[in-house]
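So, here's a batch of structures to check.
Here chain A shows up in two complexes: once beside chain B, once beside chain C.
Up next, the complex of A and B:
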């Protein structure tokens, strides 16, 4: 494997550029479906790309007195993590044998980096509203990460105790997707809601509630770093449903997977548009008591193989 | 550790500039400071430089949302000075427009409230059903807003009988949709979780702060000028006052939603009972004297005082809009809730900042500048800006 091929896979396909282009297209689907639900017309398909290009041309302002390195590191961390994650998810969906011990844990860490980068950059910006947003983001991160990890533990149990991502896909190809069982459905619900929170979609968008704290951690960002955040968000919109399909719905085995993928995206958009925003204490309670309890039930069911 | 979270002067929560300084500990709001005066335009002073007919158009522009309530209150006050009784048809017309405006104002608030809790679907849907009402305004009066229906001594335009059908059709649609929205607000557990027991304004506080309109009626105070001191056609129609005791944001939302049903009832009765005849009486002279009017605007009681010295301009015109009374009550309503709730509570009184703004320059507790000084400063600033932008 030459260096050129490695670089190509990380930067062009399926890494940064491919994921970003598809992700931005998915944000267009999000905007269009949302607009139709609102009885609006919605933007044309190239709008996210135009927005992105416009942001690249804008001036980058770094607030006075903030830590420059951390401020700019925030979006870059997210971008790098998502590029690596894209390569891992794709290569293992194409060839599940291309796996190594503990790669599932690496994937979980990579999924955790974008919120981390956001917290870092937001708190480096020295803005009181950003710090409120960061504290909410942190609370919410701890809230959704716990049930998410419990559910992942259940999935590991179902695949025969391996923490190899490829083997989870192989186990599903051998004996059917995990989704077609009670614990699988519970896991899907938990991962879907966690993804909603990771993406900052309503009802879990209190870290960046525009009407309360004016986009929270993002408030001081402009120009290229803001464009990077938008791209990170778009890439997450692409990779999180892909992750969900991979661990629960048989992976990208055939072209039906695209339909499954779109179904999950539309489901997320519908949840986003039929709920008001939860307060941060309410979403914490929701994730720890409601969803946390559900995920433990799912884990117990997974132990008994249901 | 205490920190300040500013809401305003320019903030996505507000359509107009106003400064709320939230003093917070973590997420909890411990105190609130309100700074007004970003939007002062000197309407009372301007009114004293215009004829009575011109003032009607001037006060219409105090507020874009309740643009009927100020001219309505003004003409009633002038009619009080001049002892003029408008013809019955004009009274009915003014009542109809006043009630239709209440519906459109309450719908505007409901949509914005949806937006503020992050529920943009509610926002868009509510405004979708507010839109036909604006078309009806355009049909009757030629304008979607700033209707210019009021005139000292009557109404400026008639509601043509061929338009009754369209108004009726809209009222039917609205009744159906209002039922839907009421159910949606009351049944949705997540909305209830956000609105219930948030921003509670007790009855004692409501009385102490002398709040008005839906804010007072949501806190168990049954005050409504239309019932207590009826004017025009309000004592000739049958309707109920909506009062809830809880005092939270949900109660205020319920008051506004259910009031829309009452407004529909009033408009239907008015359209049915409206007599034929002239729509204005000729007013030749405004006799010297004083007059007041209390009109129930969508946000509460709006008060106009007019003093006449016999000339064709008011000698003194004093306006007090309901938001001026409602906004200070936020200080008690917001304390102890989180920042997320604060945004909602501040919006729950349906604030109208351009009605509220006053300007006083104080130094050591004494008035430093008089009205004339402020006017001179304003002229100087205008001149300065003009010179700068001419270049």
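Up next, the complex of A and C:
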């Protein structure tokens, strides 16, 4: 019985299938809002599902001379990591006592796996443009991960030094969301921008710049693995705002959380649509000097409980 | 299963733009149909950067000895099923370049062409109706 329940939670709800369906719907919201900003009509609601279905049923080409296992492992790693992350985030939002020591660290590592899989798969594909994309992805990963981790340290401090995800949510339920303080706002800004970079949204999309390096690490992917990458991306679009709400905005305590969630998504789409792409050195400088400095200020403020 | 495949393909044809030595007019007109005025994303048509992601190849320009092997290679790199859409009179029948020593003939000599969209360059409306007709025939 319990095995079936565990499998159900990883594969159907809230794991793979649920998160993928909601995430694909969110990518539709992304495309539709983008289209409206461009003063266009935009695609119909079933568009991401049609894309996904079509990619599933297309031929999958594995480039000659590439490492087959690594090439296919890339998207699978992302998919597995995101399913586990979905289960963890949901179960802890529903029942914050269901936590264990260090699960925040596990969540941070799970968030790091999709870019890692992308780097592995991209560099296994034996394409020069993909390797350019991978090197940019790697640089950008180091760029946004530093301020992200500093901010997480600040959040741990605010919750009384616990590295338990559930206790962070409980601390917020007890004494109000962390967002309503100066360091909380700083943390939100930093996490929002890192999420933007993790998702590969403009202005931090130089790793997969369509116009210069033709989708970068994705360039050799076709058919099923490409569909998996799309789903991983969609799941991240769902889970990163959920993570942000959980650590800063009180978690899914009530139905208002859905409004908060949509607000964050729309904010991300607006940032995406009103900014030009940064060069990789610019985004590195932005994250380390600009956002990094900001996150250190946030950490100091968090130490003094502001 | 076959129906689902068709539905997916019809609802989200991603196109890759193969500019094989065109005079660039056709290319500019292709970019036109992505602008807000024509907005083909309504139909799920997206311009992609890699032939691996493509479901349809939009070929432009007259086929010559230099571009023929490249075009064939791009076609081989595209996962099947894929459509080949000829945009411009150049691609349909070599146009005014027919007498040239370098021209090797229209595309349908070498590739299974699904749609011919004549015009020099064709209007964006003509391209949209061409793609719609091709999808309706599938």
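Structure notes:
One rule holds for everything that comes next: the second predicted complex is superposed on the first by the 305 of 306 C-alpha atoms of A that agree within 3 Å, B and C clash if a C-alpha of one lies under 4 Å from a C-alpha of the other, contacts with A are read in each partner's own complex, and residues count from 1 in each chain.
Definition applied: contacts are C-beta pairs under 8 Å (C-beta built on N, C-alpha and C of every residue); 3 or more make two chains touch, one makes a residue touch a chain.
Just so you know, these numbers come straight off a predicted model, no measurement behind them.
Superposition note: with chain A as the common reference, chain B and chain C are in steric clash. After overlaying the two complexes on the shared chain, residue contacts for A:214 are found with chain B and with chain C alike.
Of the two partner chains placed by superposition, only chain B is touched by A:277; chain C is not. Of the two partner chains placed by superposition, only chain C is touched by A:222; chain B is not. In the superposition on chain A, contact of A:40 is made with both chain B and chain C. Of the two partner chains placed around the shared chain by superposition, neither chain B nor chain C is touched by A:167. When the shared chain is aligned, no partner comes close enough to touch A:103: not chain B, not chain C. Shared interface residues of chain A (contacting chain B in one complex, chain C in the other): 38-40, 210-211, 214. Touching chain A in their complex are the following residues of chain B: 3-6, 11-13, 24, 26-27, 114-125, 128, 188, 190-191, 193-194, 338-343. Partner chain B is touched in their complex by these residues of chain A: 34, 37-40, 128-129, 132, 135-136, 202-203, 205-206, 209-214, 273-282.
By the touch rule above, chain A contacts chain C in their complex via residues 31, 35, 38-44, 46-47, 50-51, 53-61, 210-211, 214-215, 218-223, 226.
In the complex of the two chains, the chain C residues touching chain A come out as 1, 4-5, 7-9, 11-12, 14, 36, 39, 41-44, 48-50, 52-53, 55, 77, 79-81.
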